[in-house]
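Two complexes, one shared chain (chain A), two partners (chain B, chain C).
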Partner chain A sequence: MQRYYVLNKNKLINFLSFIQSRSKLAAPVKKGEKSYAFEYITDLEKIALHYLPTILPVKKYFLPQRETLIEFNKKTRKTTHVIEFEELTLFGVHTCDLVGMQCLNAVMVEDPKDINYLERKNKLTVIAFECNSYCDEHATCGIMRTFIPSSGYDILFTEFDTYFLIHIGTTKGSEIVNESRLFDVAQKEHFDELNKLRKRKEEIFKPEINASYDELKKLMERACCTGAWEGIFDKCLSCGTCTNVCPTCYCFDINDDIDLNLLNGCRMRTWDSCQNEGFAKVAGGENFREERKNRQVHRYMRKFKYPVDKYNMYFCTGCGRCSRACVAKISLKETMNLLSERIKL
Partner chain B sequence: MKPKVAFFDFACCEGCQLQVANFGEELLDILEVVDVVNFREVMSENGEDYDIAIIEGSITNQHAVERIKKIREKAKIVIAYGACACTGGINAMKNNFEMPEIMHYVYKDDAKYFDTIPTKAVDQVVKVDYYVHGCPVYPKEFVDVLKCVLQGVEYKVPEKSVCTECKLNENECMFDKGLTCMGPITKAGCNSWCINNGNICFGCRGFVENPAKNAAIEVLKDHGLNPELIIKKINMYNTVLDEKLKKKGEE
Partner chain C sequence: MNKKTIKHSSYTLKPAHIIETKYLTDDIKYFKLRFTDGTDLDYTPGQFVMVSMCGVGEVPISISSTPTRKGFFELVIRKAGKVTSDIHSLKTGDKIGIRGPMGRKIPLSTIEGKDLIFVAGGLGIVPLRSFIDFVLDNRRDFGKVEILLGCKTPEEILFKDEIKDWEETLNVEFNCTVDKADPKWKGNVGLITSLIPSIFVYPERTYAIVCGPPIMYKFVIKALLEKGIKEDHIILSLERHMKCGVGKCGHCQIGNYYCCQDGPVFFYHEIKNNWEAL
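After this line comes the complex of A and B, so read on.
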């Protein structure tokens, strides 16, 4: 299989139209000065090729904010498993968000498998877009090494002055590229450019945290139940934003809804957050994480310690969304740096 | 037999009852499952029988105290409907002043003719079974509450902030627009109604259960709001909740 192609920039519109003829298309659009969101695209002009990480990560397309799992009838006692899915192509997914998808995959394929998630993932085509420089100061994709494309895409776009260099990740990606007839096979000069770019990127993206990649877990273990967190979360409002926007958070709540006639109903799943007051409450009103500060420490452990033990992966992609969106201006980068100052490794 | 529902007004603007008229088609579905026997002040509370009393408004004088007690005796279920009934609402702002001072401010020399007490939420006088928060109420939540009433199960007001719903709706955050917003410390349940429509959250549903009040004041200060205004913003819908929190803290 030919792996590398070139697409002239003026053919991008044709390519995206071709995608639209095959499936629905979702891509980033501008929502405000600093806000972008992945949305279904009808008007190709709306797509923002260069964008700050979107308000919500692409997880919303395979683990939707709200979804119906089961429909039931109280009289007949019949239940039906519901999966709503569609053929969808995501265009412009940043490399950090690819890693977010890989984290969720690791969780969802485990038994009991999340069938709804997996079905939706199956129908998804992912076209990634590599960043050539930092999106903003909140990103920590340098230390997390997520500024470099790894895997998890069908097609990868890398941008140069007049063209995109294309890397094919899967057979599906290869089919799309061939069928569109818009691409040329990449030549030596293109590979030279790619090597130069990747070297330049190693100079631009540097560890943003004063610890090595491998030390991050140790940092958490040492900090966990100590005073090292002192003062860091004093302004946390437990609003839940940092988890809702995180590409690797997947906690949800399940509720039943029923029609007014109390006959037909459905079981719904909605995103939940460990920052919410009710999250760790159990029968009798006991709350395992009553203190806001402890909920934040838990969040950090859920990114840099527990998933490493379980899946051998950090569940932080360095996307910076949690810091960018926090109204209390609590920054992951600053927090990690403060911990590394306070803790002897 | 359909349960009989009666609406009762206390101190309020009746805007929440007006919401019922905005239900559109859903109203017809509602009328199929309940019998409305008393709407606005058309009938007296001693008139017809009712199973479910929907209370709009806060308790602001002795007469209202007696009246709500009578309603409670008669009703099987009491629903506090709207911010005034659930949390005292805007009416409770007066509790931040000395009673004679605020009475004189409103009624001038005629103040002596009015019997008024510090504003109370309905549950400060009688037991409340269900709450429909908001100023005005969010129609979908009212229907959700009604379904719980009909099934005889508890309705749980979401124990999370308006931000959680706002994020699920992927709105641009008001703080990113250079504005401030009460969403982070206000209870969810309205599906971030105002932000979806381009407005900030005023906090009309009241504080989340365990609000980070001091932190919120600091955060709003960091975003350039002056401290006096912050307190006013918070008091607008939270005076009674604040009184309750203080009491809980003292216990």
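After this line comes the complex of A and C, so read on.
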């Protein structure tokens, strides 16, 4: 299989039209001065190729905010299992968000497998767009080593002056490229340019936190039950924004919805947040994470400690969304730096 | 959004008939259930099921019967919220949706041949009854059996008839204490930890199985360790908020563990260094 192609920049619009002829298309669109969102695209001109990480990550297509699991009828007591899905191509997925999807995959593929998620994921086509420089000061993709794309895409676009270099990740990606007939096979000079770019990126993206990649987990373990967190989360409002915008947060609630006829209904799963006060509260009234501070520490443990033990992955992609979106301006970078000052590794 | 239906997922409900109910106290009701297809629930003491009232919701409930008794399983449910209130309104003959059994199957061979101390606080007797009846049905395979029960008041003691059987006929030491006595009460008064110092144990061959309100564990574990019982001989059943039961939704997390998958039954040595467990 030929793995590298070149697409002339002026043919991008033709390529996107071709995608639209195959499936629905979703891509980043500018929504405000500094805000972007993935949306269904009808007008290709609206696509923002260079964008700050979108408000919500692409997890909203993998794990929708509301999703039906079961449909039931109260009278006949018949229940039907439902999978909701759509054939959709995501265009312009940033390098960090590819890692976010892989984190979700690791969770959902573990037994007992989440069939709803896995089936939906297979219907999605991912066309990634490599970041050649930092998006803004909140990103920590340098220390998280998520600035070089390694996998998680069907097709990867890397931008150069007059063309995109394309890497094919899957046979699905290969089919799309071949069928579109818009691409030329990459030559040696293109690879040389790619190597140069990747080297330049190693110079641009540097650890943003005063600890090494391997030390992050140790930092959490040491800090966990100590006073090192003192003062850091005093201003946290427990609003749950950080978990909503996080590409690797997947906690959910399950609720029943019933139609106005009081007969038909469905069991829904909706996003939930460990930052909500009642998240860990049991029927007897005991709340295992009653304090806001404990809920935030829990969030950090779920990014830098627990998933490393379980999946051998940090569940932080360095996208910076939690810091960017925090209404109390709590910054992940500052928090980690403060911890590394306070904790001797 | 397209939709397709599938035969089976982690959220599949299996219908069961209610074949008997009775109130044990004002707000605690007993249910005897049988799957409508006649199959048995394949469980181990300590496991739980998700009980579903379509249109209202789903709740995790521990199994109170022993798998040695076939053809049914038993749940004991306290009225605590919307779903449990609705379950309380069900009568014999009604149908209900079940998911499970959920949770870890602990290897019962580890406690075979050993002396056992059951420590139950209040409703903790409900899941422990599964272990106790399992042991009683295989009485020859176990050593000395001691049951310690602590309740707030004498009215709150569940399974009074069965306790009489345990006390009188089945070669079991039973001790009960209440926080607050009434004029008719002739037993002990005090916390459950007050019962532990006076029992005689051979630490080497004794396992303790503990279930009760969250606040109880620290004190009971301390008392058991003081008796010389080893850390890996203390078995604890922990309670957490649960939604999915399949280790995904995040509600029941205890540090590195998901209570619904890795528990709810843990050995003390597994969780003693877990900052969120006890």
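Quick note on the criterion: the second predicted complex is superposed on the first by the 345 of 345 C-alpha atoms of A that agree within 3 Å, B and C clash if a C-alpha of one lies under 4 Å from a C-alpha of the other, contacts with A are read in each partner's own complex, and residues count from 1 in each chain.
Throughout what follows, a contact is a pair of C-beta atoms (placed from the backbone, for glycine too) under 8 Å apart; a residue touches a chain by one contact, two chains touch by 3 or more.
Everything quoted here is computed from the prediction, not taken from an experiment.
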| item | value |
| --- | --- |
| Which of chain B and chain C A:Pro112 touches, first, second, both or neither | second |
| Partner chain in contact with A:Asp214 - chain B first, chain C second, else both or neither | neither |
| Which superposed partner A:Cys225 touches (first chain B, second chain C, both, neither) | second |
| Partner chain(s) touched by A:Glu189 [first = chain B, second = chain C, both, neither] | neither |
| Chain B versus chain C as contact partner of A:Ile258, first or second or both or neither | both |
| Contacts of A:Lys281 with chain B and chain C, given as first, second, both or neither | both |
| Which superposed partner A:Glu45 touches (first chain B, second chain C, both, neither) | neither |
| Winner by number of chain A residues touched, once chain B and chain C are compared | C |
| Residues of chain A that lie at the interface with chain B and also at the interface with chain C | 258, 262, 281 |
| Residues of chain B that touch chain A when the two form their complex | 29-30, 32-33, 143-144, 146-147, 150-151, 158-161, 163-164, 167-173, 175-177, 181, 183-185, 208-210, 212, 215-216, 218-219, 222-223 |
| In the complex, chain C residues that touch chain A | 1-13, 15, 54-59, 78, 80-81, 84, 95, 97, 213-215, 239-241, 243-244, 246-251, 253-256, 275-276 |
| Footprint of chain C on chain A - complex, ascending | 68-70, 72, 74, 77, 79-87, 107-108, 110, 112-116, 119, 224-225, 250-256, 258, 262, 265, 267, 272, 274, 279-284, 286, 288-289, 298, 301-302, 305-306, 309-310 |
| Chain B-facing residues of chain A, complex | 31-35, 37, 55-56, 60, 65-66, 234-241, 244-245, 257-258, 260-262, 270-271, 273, 276-278, 281, 290, 292, 325, 327-329 |
